[in-house]
Amino acid sequence: MSDGSTPSKSRRDFLRKGAVAAIAMPAITTLAACTETKAAPAAAAQAPAAPPPPEPTPSQKADAMDAMHEKGVKAFPAKTEGKGNQLLEPRLEGGLKVYELTAEEIEWEVESGRRVKAWAYNRQVPGPQIRVREGDRVRIVLVNKLSQSTSIHFHGLELPNSMDGVPFITQPPVKPGESYTYEFTVPNAGSHMYHSHHNAAVQVGNGLLGAFIVEPRRPRPAHRADVDYVMVLNDGAHGYTLNGKGFPATEPIVCKQGQTVRIRFMNEGMMIHPMHLHGMHMTVIAKDGWDQPAPWKCDTLNVAPGERWDVLVKATNPGTWAFHCHILPHAESEHGMFGMVTALVVQKAGVA
Amino acid sequence: MSDGSTPSKSRRDFLRKGAVAAIAMPAITTLAACTETKAAPAAAAQAPAAPPPPEPTPSQKADAMDAMHEKGVKAFPAKTEGKGNQLLEPRLEGGLKVYELTAEEIEWEVESGRRVKAWAYNRQVPGPQIRVREGDRVRIVLVNKLSQSTSIHFHGLELPNSMDGVPFITQPPVKPGESYTYEFTVPNAGSHMYHSHHNAAVQVGNGLLGAFIVEPRRPRPAHRADVDYVMVLNDGAHGYTLNGKGFPATEPIVCKQGQTVRIRFMNEGMMIHPMHLHGMHMTVIAKDGWDQPAPWKCDTLNVAPGERWDVLVKATNPGTWAFHCHILPHAESEHGMFGMVTALVVQKAGVA
Amino acid sequence: MSDGSTPSKSRRDFLRKGAVAAIAMPAITTLAACTETKAAPAAAAQAPAAPPPPEPTPSQKADAMDAMHEKGVKAFPAKTEGKGNQLLEPRLEGGLKVYELTAEEIEWEVESGRRVKAWAYNRQVPGPQIRVREGDRVRIVLVNKLSQSTSIHFHGLELPNSMDGVPFITQPPVKPGESYTYEFTVPNAGSHMYHSHHNAAVQVGNGLLGAFIVEPRRPRPAHRADVDYVMVLNDGAHGYTLNGKGFPATEPIVCKQGQTVRIRFMNEGMMIHPMHLHGMHMTVIAKDGWDQPAPWKCDTLNVAPGERWDVLVKATNPGTWAFHCHILPHAESEHGMFGMVTALVVQKAGVA
């Protein structure tokens, strides 16, 4: 098995990356499928008046495009400020687990250097992960520091009606500056969510959402996993994101060869996202927190808005595996991979 | 469990609702996720020249938005003219059940005061519900009062080819002013549909569609239900609708605690609609009229165009439960819930 | 059973088809749901200055529309240059099956007379079909004659990481003018795909994709089929296509009454396509190449990007059956059926 390609390293080194990128950009951005454009490097604007640079050759254009692609991959996982979906430890009051969720407007770094306005719980997008057990008694205090009223719906939990979080149907809206308390015994197990249910197309789209995991009192041995990973999909005001970040600022899922990884997909967006894992199949075990009657296998799982799907991956195949939405414009542009892309990293047994 | 919110009633009462709505509107409608705007109140346009009103405070804006949301919920179920999906009684000719479907252009009130042009069967959107039994002999007479040719395809029924309703493949188009007769023995049971199959993107989008339910000769005891509800989803020329109406003019599904409700989802639109029920799960029993090999549970069911899904809901949880498409811009705007929203009302046992 | 329609043949014959089409077009193309317009007949542009023709009557308009619809159906299957998805015979080197895939820009005739730029493997869209058996040793030589770098990902195959085809993660990009060799032992059976994984939203959208079928070493008797048909769905740069062609240039699936047809749906596009078969149901047996735990039936199968679904159709019902995407604007416009439409032709037993 041989690889005939010998990339012309010297040619690529010769070209100053910034200049080539600036030249190549106009040609590239005219292509129709390019759904995300980034600002042209400032260097181009600052260039002194001078004869126009020669038109890049096709080979130079290809190299410039590849360099952009490489840059993205090499930056992965790129550092950004803020991390969503962090496990929230409750304050214990006797047998009661108390969680406080403060909704407020923040600045959120989706990718390195791309900061957006977000409406967040506890300054995280997604909001902090709540993980409890069937039968737990919990209290959730919502503090509203937004300029709009809000509420929380516990999506998937079969609660008493008064805890359902729908303004004017089950409760009054929680006004700016006010707070509201939900309290209940945790019902059905599974991968659930919490999010605003007031002006929700805007409020959820801006980030008011999080995972609410209910562990069963009697876990099924067949569902035992070494790694338990929540992946919240979104496509709202912050672009295409996994757990609030776009590639290359997304988080890889790391495990050791032979381990079992459970992934809990949750779609908080407005579009379907068929998530495709390279190199290994996924075994689907639950839908919306309910066990499927029989597990079934796939490599591309279509996750629709509001749905949760739990899968197990037996990590038999070592390597770094692309893992992305297969609506390709959600995952790659002329400038390289972006948005709903991460990797499953399966470390070889006996390797650090 | 306490609710800290004490809405400032007097402040809300002080504000004249119309004026505040008019003031608040410009700020609100600039938000990106607002997919449906309504005309600003006429009052604003009629206001005499005068100094501009003071900019509303954030609190006033929040109250104005909440008032719009409340108004929608309080109006539910709002009265409108016309009701689609009404059971059509056949005329009996010996053992033959005869149905007449007249296609014509009508005016259809989607929500209170929002009247649109529709192409309808028997002046209903969706067209009248046809409900027969496996093995019945039926005749369906299509009368075309439209300005275009048309035809009917019985979507899901395994009919002889000549009854399939596709112009130039299985029959000639039915010209304006003409009629056409379909006659067949009802084959496979299940939740099916009928709709135009000529210039169908336009004709179905405008309303030429209906439910065609075939009851099995030997019903399965496990599928027995107290309430049998057909819910036709649409997103064509009339906006986002359930059975031809947008919230708050949609129809609640009402049952008593302990009863079983069967819901037959049918998508006659162009987009997926993941329907989310609050408070209780749905048990999926059939797809396109065919029993699933094993029932499975969910709270959010993704229904794609042309699909039918049958679910059972065991109504254990009393209360009024939101029931909506979870593509949030199909269900809520800055002005409140609209479109694909209804409620499952579970009446407490022993309560009227 | 009678057909009351008596189309006014003489009236239609009286009207010169071209002129009526030209007159009717402006009215027709204003309708919102018309998603595909074709150039008005050249005749209109060449008409000498003259008094404007009289406005066509509604009946003339209906006839003109029907004539366009009829023309499309009567042309089916329309001849076009080029055929995608042709079985590629390997060159044998000992026990090794060697395939060469050359990526280059070509002109591709999507429908009669509609030629587009395409990026193709071996001058076909979809690329040639590779069909091997579990455990085969294969070598695939990618020759890049494009102006961009590229790569091949074998979507669904559980290969060693170095064969996964993702530039900068598992291999360098294959530069213009260069070639790259993949070689592996064929792993998991099923309906898989191969496509570019570099600048993929553009490259796959332009045609760099194909079917990779892996036959199991021990085929399941229950999955035996008389006809084995691959149907690649796409919605990229070439419009809505089945195997690279739009109706009426799509290919009918032909079988004899009583035979079993296996259809392998593969979505290489960016949108869902719920494929609806008239007249008979489909029994779903596999997802992404993996057997479903139990077969299940439907008539409308929602296929999301990256997914493959295998179904069996027992061809019991003779006739020509429409088979199309049920997102109607992907299948029909005011000008007739187009795009993602084909037919399953079930020939009566004992008929040629």
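A, B and C label the chains in the order they appear, each numbered from 1.
As a convention for this text, a residue touches a chain if its C-beta (ideal position, glycine included) is under 8 Å from a C-beta of that chain, and two chains touch if they have at least 3 such contacts.
Predicted, not measured: the structure shown is a model, and the values here were computed from it.
**Student:** Same or different: at the subunit A/subunit B interface, is the fraction of residue numbers used by both copies above or below half?
**Tutor:** Mostly different residues: under half of the interface numbers shared.
**Student:** Rounded to the nearest 5 degrees, what is the angle of the rotation that puts subunit B onto subunit C, matching CA atoms?
**Tutor:** Roughly 120 degrees of rotation.
**Student:** Roughly how far is subunit A from subunit B, centre to centre by C-alpha average, rounded to an integer in Å?
**Tutor:** 32
**Student:** For subunit A, which residues are shared contacts with two or more other chains?
**Tutor:** Residues 272, 293-294, 302 of subunit A touch two or more partner chains.
**Student:** Provide the residue numbers of subunit C that touch subunit B in the complex, in ascending order.
**Tutor:** Result: residues 1-8, 31-35, 58-59, 61-63, 65-66, 69-70, 73-74, 272, 274, 276, 278-281, 293-300, 302, 317-322, 326-329, 331-334, 343 of subunit C touch subunit B.
**Student:** Going by the contact rule set out above, which residues of subunit A touch subunit B in the complex?
**Tutor:** 139, 147-149, 153, 155-156, 158-162, 164, 166-183, 188, 197-202, 204-205, 236-237, 270-272, 287-290, 292-294, 302, 304-308
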